[in-house]
């Protein structure tokens, strides 16, 4: 059951072009990979919390990996050690875990939920992470992914790993399952035969399925709530 | 002539219950004691700058002494070394300096403009500073005042210096001039024969006398602009 | 403390506004009624409504534009929540809207039978549904109110939009049988999407409109618009309203009612 | 780039709105016209006005309530600024207001003689002056416009308040002889003081109102309300307005016009 936690900032530092935030919420809770938390932005000009997928969990410590894109994440990046963040979660459905060999594809900040997912998968894990350029990642961050799986990088400018878009390098191969997270265009251009689950984004208001503000249209024309029916959807459900 | 400066934060640290901010604006400018600067608050939910009296000036370095009372000063207190503040000034008329013996009375943050004033007065300077309690000031801050004049303290709870309100201890004595700064009620209860100048506060919008937002009513019933006709007024002008 | 909303005892002046918390199912799974005096589920229509296409929410400076379009599964699904509403330790007021007088009449009839409903809030003011805005002229406000009044005999509040000249609308609705008013629904706005603006940005506008109303006429009012803090609640209560609704603030703090209620003590 | 406001060439679509910069004397001592296409001094009345008692300004979330009450030294003092206005390298449009038709007529007559004035903005919408609000009904809007039109033959803009149903007012003013409209003055609001709300909080509301107008009728419009950034200017220009006024943003950044103009390039 989601709850509101006071999360004391233990660490909030840059990692490449991203920030890595770790908070302590005082107790250990169950979180399914792919679930997210809503962090309150303590500014008067914002009324919505901001959604962040769980990046990692250790005992009572939750970690988030985020990119500064606007006022909410900008504010967040300025929080210092000791600041008490108001954190609501875990929310959403989470990935369904299967055994066997999995491919975890992340475009940009889409890599965030894949670490905790990889940690929880019972079987071989291949990471395929894409970014615009090499500086997007810190070496330390990448080494954490390497610790739990095989890591392949793709950069748009070719400054690290393969050159191009991450989706060009998805091979059908012998995967039991593909998990993907990243911009909508990336997700839509995934073309594979294996079962795939993707994590979607949408502006989140309530976060628990009540307000119907976060809906996306599915292939069948039905509206689904990203915050409650998702954020994890079967790739085939997503309207193209 | 007032200008917009980029002021690099050199120091912004607490001093008792106050904060002491020092910025470098890259050149040395003329400032009359009692003049103020408008600091831009880089938040979307504020449209007005915040006014701060000049506390001290050394070459291209300007210092301000302020108390955190709301969102603007709260934001300001979080600025770190290196932050480029957008600073507009100097604004207002400033105190008129006379020779002889002067009494400089400050209630609470009203002490801010008195330091630079004391530094610029040609003659004996007696400071009479009041606060609720001893912890309001840091010893270091008080010693700066002591360096340039005699310092007498008054606290409401008697935890330092005399007990009571600062206005109880204003003696007519042999002063050429009295300068006072503090809350309106304090200024209104000043009852002396010597010429006195006081610094007033009002919500400031334009800061250069154009918008007529900051007016106060004078004894004659006339409206005067705090930002342009003031913030320094002859005590007798102030409506009681 | 105890508040009285036209005969209904409220343990708190704080009301969960219709919409942000949906029908309450998901909310009350996680949170309690602590701090709340009244719960108003999201507006119910006779038939299910799919609502507007995405995006439905845009944040603006100090506000939020929403264009949900009254998405809901219709009154017959809503009736299935009877057990939930009976289990709450606070009264529940139903919010209803309809595209025709017949629909309103039927909804009134349905509500009349529900003893677990303390009253009805007739939503005549949703800015996000084309062609269903009854508040464009006083005649339709009168007719809509009268229609519900015909079939619904208990407490009837009418929720109106913020308008510069609201008096004739209030008069029309009163003569149609309204007992009180919820003032106001969201403020029409546009930033990428057209919708209704809520949140702190609108509060000074609503205070002004409400002040003029409260100084002029004596009607039971629930205020709605921009409440984020205890001070906001006090500002509204000071104008003489009976209760204060909270909407958008639940997004920032799902436990806002509890916190504000404690601060009000 | 070059913009055309009903025949007047503007070097920039950015206009200094009437009020925040007063009559310009203090502003142009410190700042240049860089980035500005037009300057509109604070509204001038026939006789001096002392304005409203303090406090006159309250900051709200993302906005500002002002209640200056049209304080100004009257048109005869204003006429002494001829040299300043002649010395500016951008056109100046006079903003006028009056409590009676006679006053408006006299002001029109005075303006007619001033060859250094590019046009007149008739302020029918100040929310802070009791009894002088011409915008309460269409008849007085028509009469006021017609009265100024009788004596003033050149470019005449009329500044209206934000209203939900503005069309009849625009029609009335057009038939009274208005060439164009400044939309809108501040939004009536209250937070400690009653006054007009300006700043970013109002922009989504104004965009919505203006969008509906621009989609419906083809009239020259200067937009006013909540512009803080280049994006805000573009949002208004996108609706088809001829120019965009900046008011409150000058308080945050006295050099805002220069900065936005550079960003627009």
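Points worth noting:
Letters A, B, C and D name the chains as they come in the text, with residue numbers starting at 1 for each one.
As a working rule, a residue touches a chain if its C-beta (ideal position, glycine included) is under 8 Å from a C-beta of that chain, and two chains touch if they have at least 3 such contacts.
Remember, it's a predicted structure, so these values are computed and weren't measured experimentally.
When you average the Cα atoms of each chain and compare centres, the chain farthest from chain C turns out to be B. Distance between chain B and chain C, defined via averaged C-alpha coordinates, is recorded as 48 Å. Look at where the CA atoms of chain B average out and do the same for chain D: the two points lie 36 Å apart. Each of the following residues of chain A touches two or more other chains: 44-45. Counting only residues that touch two or more partner chains, chain C has 61-63, 200. Arrangement of the chains shown, judged by which pairs touch: all-to-all, with no pair of chains left without contact.
By the touch criterion given at the top, residues 19-27, 29-30, 42, 50-51, 53-59, 61-64, 66, 68, 71, 199-200, 228, 248-255 of chain D touch chain B in their complex. On the chain A side of its complex with chain C, the touching residues are 1-4, 40, 44-49, 86, 88, 202-203, 205-217, 223, 228.
For chain B in complex with chain A, the touching residues are 43-45, 71, 78.
Every residue of chain A that touches chain D in the complex is listed here, in rising order: 44-45.
Contacts from chain C toward chain B in the complex involve residues 61-62.
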